[in-house]
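In structure tokens below, several structures.
Consider the two complexes below, in which subunit A is the common component and subunit B and subunit C are the respective partners.
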Partner chain A sequence: MFITFALITLLGALGMLLQKNVVVAGLCMVAAFFGVAGLFVLLANPVAAALQIIVYTGAIMVLVLFVIMMLSSHQEEEAAVSHPVQRWLSVALLAVLAFGAVNLVLASPGVKALAVKGAEMPQAMTLQTVGTNLFADHLLGFEVAGLVLLAAMIGAVALTKRNL
Partner chain B sequence: MTGMDAIHQILNGGLQGYLVVALLLFFLGLATVLLRRTLLLQFMGVELMLNAANVVLLAFARFRGGDAQAMVFYLFIIAVAACEAAIGLALIIGLYRHRDTTDSDRAASLKQ
Partner chain C sequence: MDKLASLLHTSPATAWMVAKLVIVFGGVFSLAALWTWVERRGAAMIQDRIGPNRAALFGKIKIIGLAQPLADGIKFFFKEDLVPHDANKALFWLAPFLALVPALMGFAVIPFGRSFVSGGHEYHLALLDPGNGMGLLYPLAIGGMAVYGVLVAAWSSNNKWSILGGMRSSATMVSYEIGMSLAVVTIFMTAGGYDPSEVIKAQGHLPWAWNVVRQPLGFIVFFTCMFAETNRLPFDFAEGESEIVAGFNVEYGSMKFSLLALSEYCHLMTASALIATLYFGGWQVPFVQNPSVLLSVASFLVKMLFFAWVFVWIRWTLPRFRYDQLMHLGWKAMLPMSMVNLVFHAWRMSQGH
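Let's look at the complex of A and B:
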């Protein structure tokens, strides 16, 4: 199961990186988000999986696809100036960084110990646990998050409206 | 850990498997931001990187015995991602109005 969802996630992300058509790239992104939601289910966290699907695929990606279609920028524009050296350098740098980071994770004794210690499946996360934790210990953060969302909403309207 | 052992751990969904998937997801997102020129695609790459961070957070929470604190932080990350989506797309629309382009290379100067 894990390898299936991991493959869906990574192939979706790879499709987004390589796809020429922006709308198809967006749909690849949706596949990647669904794969991540599957990974969350395997992590005994159905609440996070549901939120992932509702917020990312339901809200954010729909918004992005709307904007793509509104601006009718389905194809990537021709490069004004091509930067072949910079592009290859960034690919090489990313490959080195990714290789180093994966090696670091696989070699880390702390990660290995934690993987052994937490091997048995915990109780699945319930909405009740999340709610108790959120409202008992993090009420201020919750209110601030609401304020940030309100500010973002007003900001988005102010930025897109032609004559306020 | 020998090589075969590590591959076995990754394929069976141990903690290392989740971390490796999240790392690769992060680097694919970073590659999208660096290599693609369309602002909308770069924006999707940023979302992908945020998602990779979420995977790591919840993977560590599960292997620490189902820590509920991680879910709270996950909720905050999602809220910030939603704000970022709204503001980012508004900025892209604003840029398109002024320059008639969504190409980040063509928006290299502040002046019109």
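Let's look at the complex of A and C:
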């Protein structure tokens, strides 16, 4: 199961990078999101899987594809001047980021929890636990995220509607 | 069930799972096919016509035209399968499946009858057993995926009318999803759980305790949003004969068109099942405390098919909205109503303690 979902995720991500057609690339990204949702289910977190599909594939990617189709520029534009320095710099940055991320994940307590078997195995996540965690332990972060989203929304309205 | 399982050399759980798969997917699919006939007969009834009544089995047995879906299916299979020259071939082939698979999958979590115990095993009448952790988030997630069938079909045909249809309908689906989700969240809140079995249990067997009476506003919002989500009239902006030829499926023919059309009816079935589960007590039989399993299944089917009929009824009663009216209704009526519903019930629950 893990191999299947991991392959879906990786192939989707690769397809998204390599496809010249922007709409097909977007659909590959949807496949990658689906693979990630499957991985969430395998990690006994069906709530995260459902939210992943609702938020990312169901809403955000639809809007992204929507904009791409509206603009109807389906082929990627070639860069006018190629900057090999930029490319190498981005590769190096990406490598550093990836290394840091992998290190963080391997050092987190969650990895040790995966080895626990039997009765002490952590329970599957439910919506109730997510809710209590969000509003009891991480209230400040939640409110800040809400405020940032609100600001982004107001900004979008102000940018697109000049004569309110 | 035990005997059958031992005959097939599997465990009862596996045999039951396979049986449920066949029942649910076969049932929804054949009901969807049947509903194409119900739709045409219903339209004829409402418009004072006769409708399809000529199709007969073996040229003899005419059961009020019930063989029509079969005849349609055979005809679709033998039609020429055209792909437009400038279409994106791979996506053009993929689109009918992208439309059909989510439509069929959405039903998996809905309990269509009471759980029962037989031979020491508990059998649940839903594909995903209660306590799977996804609960009613699952049909919402899968319902959100339905947009891709329409979008991909519209874009891959490489036809400006189909793209217009796809754009309109995907915008509709995304905007109505918010109001719908907030209505469902209110139910999660009052039921104290998000598993369909918990939602059904919280409603009980008395009709005045069902969510439709407790949350009439939420019901109106959810019911309206379901029309937008299933792409049915008065909100079927994927299509529009007078404006954009036929809409997102204008380039489709033969079995591919049939799949796109059937997926709409599968959606309709899932939507009516959701309405029955969320607002009308699911498989609960009015005034019967502990109904037998068959009675509960029958009760669920009656509720579901009634709402499926309401979808047909409304399609032939109301004209199509204009696009801006639809967006006004979605953002300026449905979303605030849903919000009011949510805040009101949250306030009532906070007063209750």
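What we mean here is this: the second predicted complex is superposed on the first by the 118 of 164 C-alpha atoms of A that agree within 3 Å, B and C clash if a C-alpha of one lies under 4 Å from a C-alpha of the other, contacts with A are read in each partner's own complex, and residues count from 1 in each chain.
Going forward, contacts are C-beta pairs under 8 Å (C-beta built on N, C-alpha and C of every residue); 3 or more make two chains touch, one makes a residue touch a chain.
Bear in mind that the values here come from a model prediction, so they are computed numbers and not experimental data.
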item: Which of subunit B and subunit C A:Leu51 touches, first, second, both or neither; value: both
item: Touched partner set for A:Ser90, first subunit B, second subunit C, both or neither; value: first
item: Subunit B versus subunit C as contact partner of A:Gly141, first or second or both or neither; value: first
item: Which superposed partner A:Met69 touches (first subunit B, second subunit C, both, neither); value: second
item: Which superposed partner A:Ala31 touches (first subunit B, second subunit C, both, neither); value: neither
item: Comparing the two partners subunit B and subunit C, which touches a greater set of residues in subunit A; value: B
item: First, second, both or neither for A:Leu43, with subunit B first and subunit C second; value: first
item: Partner chain in contact with A:Leu11 - subunit B first, subunit C second, else both or neither; value: neither
item: Overlapping contact positions on subunit A, where the subunit C interface meets the subunit B interface; value: 44-45, 47, 51, 59, 63, 70, 124-125
item: Residues of subunit C defined as touching subunit A within the complex; value: 88, 91, 132-135, 137-138, 140-145, 147-148, 151-152, 155, 163, 166-167, 170-171, 173-174, 177, 181, 188, 193-194
item: Complex contacts: residues of subunit B adjacent to subunit A; value: 1, 6, 9, 11-21, 23-25, 27-32, 34-38, 40-41, 43-45, 47-48, 51, 54-55, 58-66, 68-69, 71-72, 74-76, 78-87, 89-94, 96-97, 101-103, 105-106
item: Residues on subunit A engaged by subunit B in the complex (per definition of touch); value: 1-3, 6, 9-10, 13-14, 16-17, 22, 25-26, 29, 32-33, 36, 39-40, 42-45, 47-48, 51-52, 55-56, 59-60, 63-64, 67-68, 70-71, 73, 76-77, 79-81, 87, 90-91, 94, 97-98, 101-102, 105-107, 111-112, 114-115, 117-119, 122-125, 129-130, 132-134, 137-138, 141, 145, 148-149, 151-153, 155-157, 159-160, 162
item: Residues on subunit A engaged by subunit C in the complex (per definition of touch); value: 21, 23-24, 27, 30, 44-47, 49-51, 53-54, 57-59, 62-63, 65-66, 69-70, 124-128
